[in-house]
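Take this structure, written in structure tokens, and hold onto it; I'll ask about it next.
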């Protein structure tokens, strides 16, 4: 009989700072390749230099490891969808699944045909359509949705200075014709209950929240720790709730690259167009990487590479 | 500081026979609900009684736990796709990904439009289209593909009596117009290199292999153990290879229910239309459940329920 | 040698009033069958009684034949797309075809996927998406688009009292989430040049114009007469322009029933959700029928029947 | 009051040979531009020189006018679908429409998604899928389908030498993976009643028939003359039947260019991949043009140009 495998959750065997240092070097050597594109549909995103890389790990005991530009702020964009999903599930529970499905999206091409085919029910809460419905649920169920979200993010990250970038939200609001289209299309099926403008205002606000890698790594910790938030000490959701949100991040968190991400990284993760990717090692840590240049599917090119290297160097892939 | 979590891989804390017994009872109480449908497109599948349930676990140390009809044979159908994928990857490595993608399929509706849109490149190796391309690769790279596959399955399961059901394969061949359509469509894009008939003959043969839950649980063990097969002692694929196949099972192994399966079960898994589902707890065990009645997405209704209960009772979900 | 066919354009052989009378009787006998549905997304449409039928013919010599409720006004809805198309073509000619295609739409299901697939270029000017682009062109090229359109319709119909129903336009504007979605989606591809709100305001205004069957039959006459409008004596478009607009009505004028309409009627025609259908017998007359109950593709059920009977009784199908 | 228009059916005003001569010159001047591509998926098509153009008109009195390579034979390919449709309608009448729809196809991209979406009912009898179902109907309802079709084509054209090119049919059969896919896909929905191989054999045979422009112009004459075939004196179908087939050619006869064809030509027409296009001027004549180079939608580039010029020079567009 062979001996049982070591506990991979025993990260005391790993020198995390050394690993982060190695990854940081490898990533920076790749800046010169100049691959990937910075999102440029609004100036606030287009103006971010591409030679940026930060990474932070928040362990369950509160320890944080970080490297590179881990204290530089950016708008969290679609990463916010993890948190509004958590709020929506806490408010209405499984009733959410009557209004949003939880399957992978297939491909970008699929988004609108799918909405039409499935009568206004978005495929999952991490596609824009699904996040707009989720935002509508939050609006309906919390007295002051903006204040609730701000408070939630400050408590998750332990950083009372987390705030929205009102100018950015306004700028996205004005150029976001496609999201306006999605919201109105969903509304035409009766799957938005609030005024379309109000829903979009809240949606663009959540995307505009400014945080850094350390803030976000800490803000993912509750999903690694059975729903218990380290910075605040609160039980944010149940252990089952955390498991389920992690599952959805695995199958739908990285736009249409979920298969590839599972293949190369193997962690629940959620990406945003600003180049941020948050991830979870269940039972072990929350993570965040940030690097602005994106691959053709909209995920941070070097952020994805960093997470790949991280799971391969640590053996912390869930697979 | 909170103490680190226990090692969830330390299954010595679990009474697996007791857990299987409980699941078996719960499942059998649900036989009367008479939900789900047995696949009926060929008599060999339609004739299987629906009040069957078997489940087996194969631990890395060789121990097997089983319950119910775990020694009753059935055709493995799409479960075979895991093994032909392994053979194809061993033969040509990453070159496979030029001919098959590795993203979730979206929805059933998507299958043909996707093939047309992506010029004959199937979305992943677990959809029928992708498995047909995988079968073509196996045919091209092994002298006697059928003998190779039989030998592979006998070695993985440790059961020298594993064999094909030639009558079943013939029956599926004759009624499988949709698979014939898929194969010819892929061929029209040049993405099959062998004769269409030969590819389909091999494809229907792999689906017709007859095995039981114990055979299949053992046959999954190499994916739990970094590529090392317990029954044969062989290193079937690398640790990286096993990780990657597990990742693909998570995002695409259960037809169009991968999101739901991750949500409710949280293990890499592959289902077949005969009611079998194989799964992997990385570092811990291979599993197989079998119950013929299917949900509307084609996965075993009570098999899925059993796996859900199993991960919730044991805490062995990867999330 | 057989003698050449009679001139089917010689309508002196037909007793048009008798034919209209017969059709009117046949249609009214079918009111009781109670098939079809009145559009009900806004009260102004839902409140129209379904037992209404009017029909009018406007010959090239100025003669009008009419029957039933041919003098009852209704909002012309999508029938207006014929006229805005004429205005857009007069303004920018073939440059329009860089922004709208001129192929049939396939099916309803196709509308958004097609827009996405073809990067914001609507399939034809008679789908809502195409009409929104056409409205944008009119807005860009005429100083006061609303006044221009009103003047155009008054001149075409010879009725100075044609006007918009501002309340109706407002009501449609508020409930028209799907059209708002379409407009924003097109805008996201850069294929609207004016403010989305302005384009939609004009679009809903054109749909709200109130006219009766006699007005509309006269307003189609220029398309039967090589571009020359009888009521005003103006050459509205060239003979080639009239031919082309007729061709587009044949292949795309009746939503997704163009094939069926060609099959059963065989005339260039354009329908609206209020139950109106305008049609053209080239070289002979403009027509209009109106009956509010719609078939499942959105065309007037009894209006289509009346046109079918008309071409069969007169031999005036173009086929 | 203006005088009624002249009878456009009075073609005595036209010098048809002069018009054909002018068109022939214009077309031949365009050979040098070398635009368009000859179909090259089989050698028999690829080997045809592109500098060929023929055109023939068959008037109702039996007169034929011709120009260029009007006596050079080619395989009629999809032009044959007009004739098998006529045979199928004569055999089972409107029951055909339960198995094939009669709407335009939308776009090429649509073909398979549409079949899947509409459960194996092809969109119209002129798409390959619809023609395969039509071929199945002919096979089911005529004792010897091949002999029936040959006899039909010889009688329609008045040419007893019309025959199939067995080598060509075999060659297409072997390379026609996409049509094999379509047939099996339709069969999987139960919408083929004969053996798939038999249906495809008949389908490829009908495509391989060898005829010239004069043969085909004569073979279209029954559709111009209320169903009465001039060469044979037979009433092939009713006047209503001829009207309906003409209507379907208008909305679906030129693949995905029906809108453009109505716009530029304005006649019921059916094209084939060999570069042939047949057309009908109702009440006046059958036509055929042939020139092998195809536009990107698969219609003869110069054939379409010739028909455009013909309707503009003669005023014989139906619009």
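So that you can tell them apart, the chains are marked A, B, C and D in the order they are listed, and the count of residues begins at 1 in each.
Note that in this section contacts are C-beta pairs under 8 Å (C-beta built on N, C-alpha and C of every residue); 3 or more make two chains touch, one makes a residue touch a chain.
The structure presented is a predicted model; accordingly, all values stated were derived computationally and were not measured.
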Moving step by step through touching chains, the smallest count that connects chain B to chain D is 1
Using each chain's Cα centroid, which is most distant from the centroid of chain B?
C
How many angstrom lie between the centres of chain A and chain C, each centre taken as the mean Cα position?
49
Cα centroid separation, chain A vs chain B, in Å, comes to 31
If you average the Cα atoms of chain A and of chain D to get two centres, how far apart are those centres in Å?
56
Residues of chain D that contact two or more other chains, please.
109, 117
So which chains end up touching which?
A-B, A-C, B-D, C-D
Of chain B, residues touching chain D in the complex
109, 111-113, 115-117, 177-178, 180-185, 187-188, 196
Chain B-facing residues of chain A, complex
1-2, 4-5, 7-10, 60-62, 101-107, 109-110, 114, 117, 123-124, 240, 242-244, 246-248, 250-252, 256-260, 262-263, 266, 268, 282-283, 312, 317-319
